[in-house]
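Letters A, B, C and D name the chains as they come in the text, with residue numbers starting at 1 for each one.
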Amino acid sequence: MSTSQSSDHDSKQDLINYVLRLGDDALILGHRLSEWVSRGPFLEEDIALGNVALDYIGRSRMCYNYAAELSGEGKTEDDFAYLRDERQFQNFLINELPRGDFAYTIARQLFVDVFNKHYLSALLQSKDQTLAAIAAKGIKETQYHLRRSREWTLRLGDGTDESHQRMQTAIDELWGYTHEIFEHDDIEQRLIDAGIAVDAAAFQKQWLADVSAILAEATLTVPDAEWAVRGGREGYHTEHLSLLLTEMQFVYRAYPNAKW
Amino acid sequence: MSTSQSSDHDSKQDLINYVLRLGDDALILGHRLSEWVSRGPFLEEDIALGNVALDYIGRSRMCYNYAAELSGEGKTEDDFAYLRDERQFQNFLINELPRGDFAYTIARQLFVDVFNKHYLSALLQSKDQTLAAIAAKGIKETQYHLRRSREWTLRLGDGTDESHQRMQTAIDELWGYTHEIFEHDDIEQRLIDAGIAVDAAAFQKQWLADVSAILAEATLTVPDAEWAVRGGREGYHTEHLSLLLTEMQFVYRAYPNAKW
Amino acid sequence: MSTEDQIEDINALEQKFQARIDAEQKIEPKDWMPDAYRKNLIRQISQHAHSEVIGMQPEGNWITRAPSLRRKAVLLAKVQDEAGHGLYLYSATETLGISRAELIAALQDGSAKYASIFNYPTQTWGDVGAIGWLVDGAAICNQVSLQRTSYGPYARGMIRICKEESFHQRQGYQIMIELAHGTPEQKQMAQDSLNRFYWPSLMMFGPHDSESAHSARSMQWKIKRETNDDLRQKFIDQTVPQIEYLGLEHPDKDLKWNEERGHYDSGEIDWEEFQNVINGNGHCNRQRIQHHVKAHEEGAWVRDAQNAYDQKRRARKASTAA
Amino acid sequence: MSTEDQIEDINALEQKFQARIDAEQKIEPKDWMPDAYRKNLIRQISQHAHSEVIGMQPEGNWITRAPSLRRKAVLLAKVQDEAGHGLYLYSATETLGISRAELIAALQDGSAKYASIFNYPTQTWGDVGAIGWLVDGAAICNQVSLQRTSYGPYARGMIRICKEESFHQRQGYQIMIELAHGTPEQKQMAQDSLNRFYWPSLMMFGPHDSESAHSARSMQWKIKRETNDDLRQKFIDQTVPQIEYLGLEHPDKDLKWNEERGHYDSGEIDWEEFQNVINGNGHCNRQRIQHHVKAHEEGAWVRDAQNAYDQKRRARKASTAA
């Protein structure tokens, strides 16, 4: 009896953890995209990047609200976003890297969008109804995101010499961060076994094939560099995240007990 | 009797206010200079800019400690630096502008160093012994600062076409912020009348003559542009200050009740 | 045709044009219009467009620091709407025979203006609320009257834009309500933002009618539908109960209800300050344009790439077709 | 002189050189020295210099966020000292016939190394404490032994640097004391930083003696004075009571006092992780070099201006003199 209770508790903790991770991925990337506002190459892109940012921020809110509901401690979405320290955020590193130039942002979006296409399709099959619902909404959004990042990859890769060079540099710089997104730890393994979480390793080859096809069409080269940086899911972050959180959390933390 | 008490109280409040203003000028400029660490054009400059930054941060601490002592409410230097909001900081705007390129930093230092040469000499005569002592230390530092900013102005102004152009642009961009530093409000007027504060208007012409002479030697032009931005002493700041404070105050505010 | 005939011809056209306007008919892009009407409209609509675009900056300054996820999303969506309005208004201006590139160049070289209110800095989160409430509020007063403006594309744009703006105004006011009814620090933040943005908002309506340069002809052409002072009065009147509901002090110490006029009498506006900011002494005049130029220049290679790609694609299509 | 004579001559010089070293005499810049000795020294001293310079970044990351004015000033002064050490060591390297520009180029193109510890990110304020305490502590163990190194300028540099480094180490440990004896959040911050920086600090001493490539000859030349493992042991031993005083858990669960050896036995070091970071998989490998390149490139026009100005001044002097 007590064993079963404790295992219940653990699996709930696992689920909360998993939901927070998905929320962190969405929030941090959404935040980075929101930095583009008033800085895009033309107005239409300001709007489009804002749309994508809004989708991600919206997704993070769904995740955090679900985590709040699961934890049942009276927490709110904002508690998770604004009161956790840098070491508690568990987003994949690729999401926290600075926005860089437009090529860098597009290359990251391409990698993430193709990833999400497969990830969310799999999450749609989750035995957890809320996660499946979040996935259903996310799939629609991802179709739009991926169309954009694919088209921009073609334009920039097959545009001018400069745009080609910038795009290739961005791809090379980001490549080392695309490995950890297919890996998982024991927490996620237990949830995968339970039919709740997604095993991204299952579609890694497909991801590579999809990305390679788009890059080839864009006259860009798939890197064969061997480096890989890991640690997001353990809260082991680059120096960029704490600076992002400094900005994001300041007002909230500067006025404790305030409502906004 | 009660009138005299209230006037005592007011003049103490005036003094606290004045000391905080001097502290804010020093802290904000010191902070900006500290942003150069590991970003200078060569190691010797990293060190030199760090020295200047340290002088300013040191000066701000003397001011804040004096303010804490005057207010007698058990406050510390850090309370003033870390717990006041953007609207409560009363530094002149020139100190909060972003560090810009090396020319921008040098041009600002030139304006501020010539200003301080005169300001601190006058403050040395203050009837307030602590302020006079702060001035005495500051004068020595300023000699070093001004030697540096003068020499760099000559090198950059009379160096290459690019350095000349960058230096002139910096001077033009900063000029509009050099007006308010010679102005004062009623608070400072009362302290000037009491022989405590400095009336910067008294040496404005001398400042212009000094700066003009250095710029002329550096083959640079004194701007004749008419614009002027004001508001620092009223806490009416550019958008740059709140971002600076966000970074500076975050850790302190994120962990209330902690000692460091 | 002789010169005389030509002049007569133009006079006839102008009379017909004015008659259409008097009859509240809309002028459309392909219709004949006096050159001065066209120029005036370009100036007015592009200034409006530039204001939307530059207006993204002061509020955009707080997107990354918005103190709740909901506020963050709402603010981001709002600033995005401003981009949309800018786009929409640039398109309306383009119907008058000028390109977006020319409009942007005019903004960047200072020959075209934007609303001077955006030269004021956003210092605190409260300013985001105050801008939504007061600045958008003032803009709406103006825009509502422009829904009936004589130029078709502009009038239709205003109808669409007004809907979104009133949404924004409510959101701004919501921020103010939270602050004014929040902790003492928050209430102080709200009061401070109100104090700083109230007067500049009044100035958004432009100089008093007696001082306004373009007004008479613009009214005749129905490019303007109400006078600066009338619109300003509307705004002053509607704002009083809003400030009361917030429980904040009114920044105008001379404000007084005038029973006879059925309006509030207002304290004197500091026009010197207004001119001061317009003339380049605001906190952000330089920053706003430099920010815009920087983004535009950093985006040049992207626009070039897009053009190059489109050309390549067209060339490929052509060669396949051949 | 015949080739044979030349070889004999060099042999004689080498013997004399080694004899001087064996007699603990310092080698000075103008003395004859074997080419391999020179190259080895350039590699070693410049790597040390680069480490000081790159090491400015992880701690510099927290100067603008230091949580008290005193800590801010102390940290700024410390990072500045590192710049000073870098400068001092570049000068020592230059006595061996290589320019600072060449050294910087080698750092930037990856042919010269810096201590891999600086590829780890500083995630929290606690990391500033942990770096001062552990990383500087490990560096000191090494540097103390190098105060007796055979090359004069290097040995003298080490004496000066060691003094400042122990100062830094005490400051770092002071940060840890405040944290460990502070609020629960602060204590956790201290533990977390200790956990992350303990093992990488042990790796700073390099591979085990059995695996170390350069060691034997470096010891013979007295470029190195103690083995990697001996220095590491010293560090491990001195750190145990420091962790105890802080009241933190020791990150090495296998740590055990060995009565017989009079030393602590340590758990296994994860050399795979070490190689992994060295080979470019650390969080900051790219960032550190990119940051350095960016600052260097952004400073190019300043250095050019300085040169141009100096030339002009010399030319003016010459023409006045003529």
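Just so it is clear, a residue touches a chain if its C-beta (ideal position, glycine included) is under 8 Å from a C-beta of that chain, and two chains touch if they have at least 3 such contacts.
On a predicted model such as this, the values are computed, not experimentally measured, just so you know.
Steps from subunit C to subunit D, taking the shortest chain of touch contacts, total 2. Looking at B-C alongside B-D, one finds more C-beta pairs in contact between the chains of B-D. Note on chain placement: the centre of subunit A and the centre of subunit B lie 43 Å apart, centres being C-alpha means. Mean C-alpha position of subunit A lies 37 Å from that of subunit D. For subunit B, residues touching at least two other chains, in rising order: 85, 246-247, 250.
Residues of subunit D in contact with two or more other chains: 65, 185. If you draw each protein chain as a dot and join the dots that touch, the picture is not a line, a loop, a star, or fully joined; it has some other shape.
A list of each chain pair in contact follows: A-B, A-C, A-D, B-C, B-D. On the side of subunit A, the complex with subunit D involves touching residues 85-87, 93, 173, 176, 226-231, 236-239, 241-242, 246.
Interface residues of subunit C, counted against subunit B in their complex, comprise 58, 61, 65, 121-124, 185, 192, 196, 279-287. Note for the complex: subunit B touches subunit D at residues 27, 31, 34-35, 37-47, 50-51, 53-54, 57-58, 60-61, 64, 77-78, 81-82, 101-102, 154-156, 158-160, 162-163, 166, 247-248, 250-252, 255, 257-260.
Looking at the complex, you find that subunit A touches subunit B at residues 85, 243, 246-247, 249-250, 253-254, 256.
Within the complex formed with subunit B, the subunit D residues making contact are 53, 56-57, 60, 63-73, 76-77, 79-80, 83-84, 86-87, 90, 125, 175, 178, 182-183, 185-186, 291, 295, 298-306, 308-309, 312.
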